[in-house]
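Data block below; observations after.
Chain IDs A, B, C, D, E, F, G and H follow the sequence of writing; residue 1 opens each chain.
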Amino acid sequence: MNKDSLRQLLEQVKSGTLGVDEGLDHLKHMPFEDLTFAKIDHHRALRCGFPEVIYCEGKTTDQVATIFEKCADTGVNVLATRADQQAYEAICDVLPEAEYYELARCITLRQIEAEKSTGTIAVVSAGTADLPVAEEACVTAEIMDQTVVTYYDVGVAGIHRLLAHASDIQDATVVVVVAGMEGALPSVVGGLVSAPVIAVPTSVGYGASFGGLAALLGMLNSCANNIAVVNIDNGFGAGCLATTINRLAERTRESD
Amino acid sequence: MNKDSLRQLLEQVKSGTLGVDEGLDHLKHMPFEDLTFAKIDHHRALRCGFPEVIYCEGKTTDQVATIFEKCADTGVNVLATRADQQAYEAICDVLPEAEYYELARCITLRQIEAEKSTGTIAVVSAGTADLPVAEEACVTAEIMDQTVVTYYDVGVAGIHRLLAHASDIQDATVVVVVAGMEGALPSVVGGLVSAPVIAVPTSVGYGASFGGLAALLGMLNSCANNIAVVNIDNGFGAGCLATTINRLAERTRESD
Amino acid sequence: MNKDSLRQLLEQVKSGTLGVDEGLDHLKHMPFEDLTFAKIDHHRALRCGFPEVIYCEGKTTDQVATIFEKCADTGVNVLATRADQQAYEAICDVLPEAEYYELARCITLRQIEAEKSTGTIAVVSAGTADLPVAEEACVTAEIMDQTVVTYYDVGVAGIHRLLAHASDIQDATVVVVVAGMEGALPSVVGGLVSAPVIAVPTSVGYGASFGGLAALLGMLNSCANNIAVVNIDNGFGAGCLATTINRLAERTRESD
Amino acid sequence: MNKDSLRQLLEQVKSGTLGVDEGLDHLKHMPFEDLTFAKIDHHRALRCGFPEVIYCEGKTTDQVATIFEKCADTGVNVLATRADQQAYEAICDVLPEAEYYELARCITLRQIEAEKSTGTIAVVSAGTADLPVAEEACVTAEIMDQTVVTYYDVGVAGIHRLLAHASDIQDATVVVVVAGMEGALPSVVGGLVSAPVIAVPTSVGYGASFGGLAALLGMLNSCANNIAVVNIDNGFGAGCLATTINRLAERTRESD
Amino acid sequence: MNKDSLRQLLEQVKSGTLGVDEGLDHLKHMPFEDLTFAKIDHHRALRCGFPEVIYCEGKTTDQVATIFEKCADTGVNVLATRADQQAYEAICDVLPEAEYYELARCITLRQIEAEKSTGTIAVVSAGTADLPVAEEACVTAEIMDQTVVTYYDVGVAGIHRLLAHASDIQDATVVVVVAGMEGALPSVVGGLVSAPVIAVPTSVGYGASFGGLAALLGMLNSCANNIAVVNIDNGFGAGCLATTINRLAERTRESD
Amino acid sequence: MNKDSLRQLLEQVKSGTLGVDEGLDHLKHMPFEDLTFAKIDHHRALRCGFPEVIYCEGKTTDQVATIFEKCADTGVNVLATRADQQAYEAICDVLPEAEYYELARCITLRQIEAEKSTGTIAVVSAGTADLPVAEEACVTAEIMDQTVVTYYDVGVAGIHRLLAHASDIQDATVVVVVAGMEGALPSVVGGLVSAPVIAVPTSVGYGASFGGLAALLGMLNSCANNIAVVNIDNGFGAGCLATTINRLAERTRESD
Amino acid sequence: MNKDSLRQLLEQVKSGTLGVDEGLDHLKHMPFEDLTFAKIDHHRALRCGFPEVIYCEGKTTDQVATIFEKCADTGVNVLATRADQQAYEAICDVLPEAEYYELARCITLRQIEAEKSTGTIAVVSAGTADLPVAEEACVTAEIMDQTVVTYYDVGVAGIHRLLAHASDIQDATVVVVVAGMEGALPSVVGGLVSAPVIAVPTSVGYGASFGGLAALLGMLNSCANNIAVVNIDNGFGAGCLATTINRLAERTRESD
Amino acid sequence: MNKDSLRQLLEQVKSGTLGVDEGLDHLKHMPFEDLTFAKIDHHRALRCGFPEVIYCEGKTTDQVATIFEKCADTGVNVLATRADQQAYEAICDVLPEAEYYELARCITLRQIEAEKSTGTIAVVSAGTADLPVAEEACVTAEIMDQTVVTYYDVGVAGIHRLLAHASDIQDATVVVVVAGMEGALPSVVGGLVSAPVIAVPTSVGYGASFGGLAALLGMLNSCANNIAVVNIDNGFGAGCLATTINRLAERTRESD
């Protein structure tokens, strides 16, 4: 419902092809589907670059399955995050081609085949326990047609493991860095690359990690300047934002 | 000191044009200049896309002036942030062409004229009191040759002020959103645009804002998916990262 | 036990219709019923506008059932919050007409039929996961004879969903806004309506939401001026206060 | 810019009395005035019940004076909060009839005489040090034509001081309770009255009051059910909300 | 091992009735019994006024039973707190006369019959859910031979329930006040009595109670001056300290 | 206004010596003096054991002086805490016999000579920087006629300094322990004495002391059982409570 | 890969015994083994003094077993911490000589017999509930060939229990002090010994211990000067660091 | 006052060369000097390895000067930390050979010339603003006769600056790492060296650094295993502990 469609609507009202009351309705309602307990935003793909994603926590299996199917009906690729096995099984009954990524706790349904992006997203993680979050970022970016390369278990206390991959990581368009405990990895990676770095603190740790607070604060205070931070354990958000940035480069490339 | 230059160095050692001890020196030391109290990283421009920036807080006027001049000597554009009038005057004695942005508390020295970026960075702020942080982001991006457009005082409690500019903001390549108090603006902007959004919480507020903590937490928990957050009041970091992302699009454009 | 009844009591003592010791007792004891483990405040309806409500958390099933029955004995409508299925079953054995609202975790017993309020309470919620808290507010207001209209899943990252309902929400006398994560919805609603807004933060979220702290701080720092906040997940309190305010308007209306 | 005016606008476009581009402009821009550093929302009075109020903290004296005069130009009553003597003097040069409330740190300009409200707002405070916040609430409500009655220094450690005024406080339509330290006063007042209670924590206290956090948490956890809370030291917000609620009752009264 | 016994020891060494090495041993070791995993301090009764009490949390059932029996062997009264049913059963096998207080989660063994104290300890609690903590205080004081009177469910939102008991509470030598949520009760009680008040915050509450933090901060910031605070849910500590103070009065009484 | 005076009042009403309206007034108003900005509670001495004390922070010099004089007019001893030199001078103009304790920041006026208590209050402090808080406790207790003995600079890192005074401290009726930094001293003292221990955390420290939070938490978690805690830097509160407890013993002693 | 081996490598390239590409590989990769989900750092023993240790939390039983076996294959001693019974059984199937320490939750495999250190590490703990953390420190130090002596249940509220062991503790080269609750023990021990003290806060406690935060802050603010702190419950880290320091002394001893 | 001197004392009492009362005195009092406001612990040098150090914050200039001189009188080296210019001047009047380190805010008086340690302490810092804390560590270690080498401004965002010095840092016996902001440097250094690492968080930073909390939490959660942490900005503590550890190695060396 941008400036052009608004002008068009007004032209139609002027010419009489659209009645005043109908015009009023168009102006009042943008397209979303109301399931009583949820309003699915089918135009988000146009507005924000990818369809609405289903966050399963706090929703019943029935609610998840219903929303998933409604989304699938529109023919787009569908992604559900923080999903358990039970939700997957409920969806599978109706949509057997849906896939479950156990480690990432994601369900995907690919309905549109598309070419993978030329530029790559590097997903770098500090320790083995950070993998679920890193994998959530990967699955998210991949269902959105991105090329993802992973560098796992390269934490700062054995800095040579990271340095061994430095030049490869430098080739990526965007870098997602996932770390718990002291959350120092994004600062080091940020100083090694010229790409934007999306830092994801994880709740991995104990004691004074306070559920990921230590890693979060560490990343927010990074002395590197090409870093921004998402919520603790928010692999999905990092995957989305990395896709947004990588697409920006693609779109520019294509538009030339 | 990338893979190619490393290979070249080894070839030189092999051919004898470089002695073993000289090679050792090259391998051991990457180029930075040691002022005892600071090590200036002159190669950062190559590695990270822009020269080392001087953060003035906690440094004496003398230290700031010395580092500023050392940076200026290399012929690059120079930026100092969190700078006071006194530091500016000390620098002006030697480099009279330096400029001071009082609201943004930045000193710049432009030594290289360059074309402004084609894509734009939108800097959106919630209230008048957020301006110093928003302006720091602007000055940072501009000294790095970016085209910046500002939308100030468009906070969420008068949502029509923001919606009036929505389509213009949608034209930007990257959006920086600066807000204090409840920090709700990035969520609303994030839902309106498909560009990446860099959210900057400010310490504007009182009472339960706890020095910007409320805005920071709000932004980290945003229900929009194209948002990442930098430190409280870190206009500089947001300007850098926005530049990094905008350049990515430019570079792609140019490389085609 | 207001000024008038106090005067009346003193007149009775003066006239001798009430002995000094009896007067002493009346002055010392206001009417509550002592169950040893709880003191039921049967006069609260007179003093505060609705009868004592039973908060079930931390009480045994037996305690809940006993208090519920004692309240029911006085003939008023009864409400128990944070109630589980087990408590409901124990109450049902004795009071089969009691109703259980599973999502809202409330048990009600309607013993007095009354006309619904003319003015409406709008209950607005940000996401599907906020429904239990929103429903607790609804059930509370409804057992207190209020007309409630709900607007669910209209979070700020898809602002058009909210704007589509703006004029309807503007018709309400009081607005309850329920939101977790960044808690930005009350600020936006507050700027759209002239009614008082009761903001309810929920514990919906993860990571840096810190159990609803982010939403709570966001709401307390709202830049809108017609907002006040209740405790995290306190749908009951919001329903009560909305009722109190709506009744105020009703009472004024009736008294004219 | 409500549904009716929208319909009217569309009728005008249909009839040709308004061109399409003009209609576009009307739809795009709602009325606010742009001072570059601030956007004054002149229609807020229509939308939210009182004009935009100037929050002075973080604004320069010049900015405050300019915004104050622009507001005054529209003929409405004007209120500036958190204002210092210097701002008042700058405003006085141009608008000598402006008044300064030193304790409340407010500047007002009354340009419209109006009848005071029939219902009263009770402002109750715990200690002498809470007065600035209580007075901010009073000045705010009074410039908005409310009848305010104050009950100061009636903290809970001398409960008889409060009880002495209980029946008077019970006569108010809305009660604002201002307290620092342990913030217990709203709970006690809330149990004594049937009116809505707006609780304002103050930063009065030391040590483990943590700048008002103790009072804030205390009020949010109140066991009374007719209470909602505003930000620490936010007398203005409490005054606004109390006005909003009191007007609700007035409006109902008048509309009958 | 006080000054007198030290002098006596030195006299013995001087006179030769105690060898140097034996003296050395006496000086080095004060009397405690070493069970490897715990050192039982049998002289605590002499030094601190009551025997070592067993805190069961974090100890295995076997450890609890062993320590309990070792304590019982010395003939004193024994108290174990935070004890579960299982620990009680293990102890009962050996010491069938031990008693279990389920609500208070305490196990006691009375081996010494003593007269109850003349002065009373009043235990006042705000709500039904605070009972376990209040009961822990009671059981503790009673096994230490104190006379305890309880006043339960007299929270501040129905202040008349408390005032009805005010003069009785004023008769106590020491008052223990137990409250969760906003923790306001000790302030009100503190203003009503001249006795020392021991405030016990409980973890009763939800949301912004943060596990009792709200009540704790409220109590620490009390505007009453005869109050001190113990740890959240520490009914035992309050019972001990109340006993210590009450004994002080008794001892003085007896010594005259 | 206790049960007896209430009965007497009712008898008077019955007999006609007191009119109904007069009786009403007596019942409504307990004796306090209203200075508009403050209500002085002259009966507190009867109810709580010592007169109202003036806390100067957040009050103007004029307010402090006025309240001080009003209190002095009643002939009691007067204490003002957190007082600066300026307040003292204002008071001295009218009451030249008032005394100022600079380190303790207290002003006292002794108008009633009384015998010092037989039992002693020991005030123990950890470091030199804790002295202002310790001295506030001393001045408070002394103006309330207590015998105070001080043991300063006996922190736990040099435990022999404390042990050297152990037997003397064991002679006190009540012990006040003042400590900043890690706040460990009360735990050690608590294990050495059988008297009640009032622990006062101070804001002495830096970094992770967080303004006394570290000491406060340490004291609340003490493994000794005869300890309760007052607010950070609340020497006054500790002095009051110590007096309350010490008087309890005296009163018992005298009553025998 | 130190300066000497770098020089040697360059000499080999110069002489042609190593090709340029091979040299490049050597320079790029330091030795670690890549298991996809983990990178085992086999050279850590050389670089940091002991082999990589397996932290089991957040790893599956399969991952733990695989990494354990890979480590075992290199012939070194192996340590896994935070290990459950299940992990132990999986390892035992392949490496039956592995040992499980239930209290310490550690699995060890000793493959190299070595002499125990001459200097001792004293492990001191405050209460019985702190034993699991203390034991983790012991097992860690012992598998690294250290002589460990333990002093358990010597908390500060019974200071004589600690003082009885003071001279023995003074004989240790390094002291590890483990304490929960108020965490005061390290301060007292620090003042008694001249050895370095490693303080380990534990999560033992309740209420305002906030999961060990109280103990942590207490230890960080210690007024003793020979203390440093590790993370809450980090017995392993303390054992490692104690070993590092004790080896330092041994190495010096041996090198003479 | 160790076991040997205790035995000797007992022997003297036995032989009659020391009277019982004298012996009693010796046992009761260990040697410290009482200045009323401070107790100087002259035997600390024997017990803890270096004399008592004067922490100036919260002490008056007079107190600092008096304590400094009393310490100087015993002939030892003296150190005062957190000292301002004024304190230095007061000391200089009496002890003109005292030296002031402005950046480190330390005053030293060297009265005993000693050989510097053979092993070195490396002091590594992240940024220029961390220098005051780093220098405090250096001055502390140097007055205690340690050889100190510094590596400043080697933060992790330019990791090559650190790596350039890696082999030199590896030569140190102990490493002190000082860093603010995200506090990541100790983790990286910890992975590079086998020496014990003492991590010092600084309050350098802004916004979400929360006065050094971010750096502190980062360091406590370090994934390196040879690290322990001291309080924020506690350069002195780090210098002491580093000295303690370095002396351990020296002592071992010498004793062989």
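Going forward, a residue touches a chain if its C-beta (ideal position, glycine included) is under 8 Å from a C-beta of that chain, and two chains touch if they have at least 3 such contacts.
On a predicted model such as this, the values are computed, not experimentally measured, just so you know.
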{"item": "Partner chains that chain A and chain G have in common", "value": "B, H"}
{"item": "Target chain G, source chain C, minimum contact steps", "value": "2"}
{"item": "Chain whose Cα centroid lies at the greatest distance from that of chain D", "value": "G"}
{"item": "Relative orientation of copies chain A and chain E, as a Cα rotation angle in degrees, nearest 5", "value": "180"}
{"item": "Comparison of C-D and C-F (more C-beta pairs in contact)", "value": "C-D"}
{"item": "Per Cα centroids, the chain farthest from chain E", "value": "B"}
{"item": "Euclidean distance of C-alpha centroids - chain B vs chain G, Å", "value": "41"}
{"item": "Separation of chain D from chain G, taking each centre as the mean of its C-alpha atoms, in whole Å", "value": "59"}
{"item": "Per-residue multi-chain contacts in chain D, two or more chains", "value": "3, 28, 127, 158, 163, 167, 190-192, 207-209, 213, 216, 220-221, 224-225, 231-232"}
{"item": "Interchain contacts, given as pairs of chains that touch", "value": "A-B, A-C, A-D, A-G, A-H, B-C, B-D, B-G, B-H, C-D, C-E, C-F, D-E, D-F, E-F, E-G, E-H, F-G, F-H, G-H"}
{"item": "Touching residues (chain side chain G, partner chain A) in the complex", "value": "1, 28-30, 32, 36-39, 41, 44, 57-59, 63, 201, 203, 211-213, 216, 231-234"}
{"item": "Residue numbers on chain G that touch chain H, as the complex places them", "value": "2-3, 47-49, 53, 119, 167, 170, 173, 191-196, 198-199, 216, 220-221, 225-232, 236-238, 240-241, 244-245, 248-253, 255-256"}
{"item": "Residue ranges of chain D touching chain F (in the complex, touch as defined)", "value": "127-129, 131, 152-154, 158, 160-161, 163-164, 167, 204, 206-209"}
{"item": "Sites on chain G touched by chain B in the complex", "value": "3, 6-7, 10-11, 13-14, 16, 20, 23-24, 27-28"}
{"item": "Footprint of chain B on chain C - complex, ascending", "value": "126-127, 155-159, 163, 181-184, 187-188, 190-192, 205, 207-210, 213-215, 217-225"}
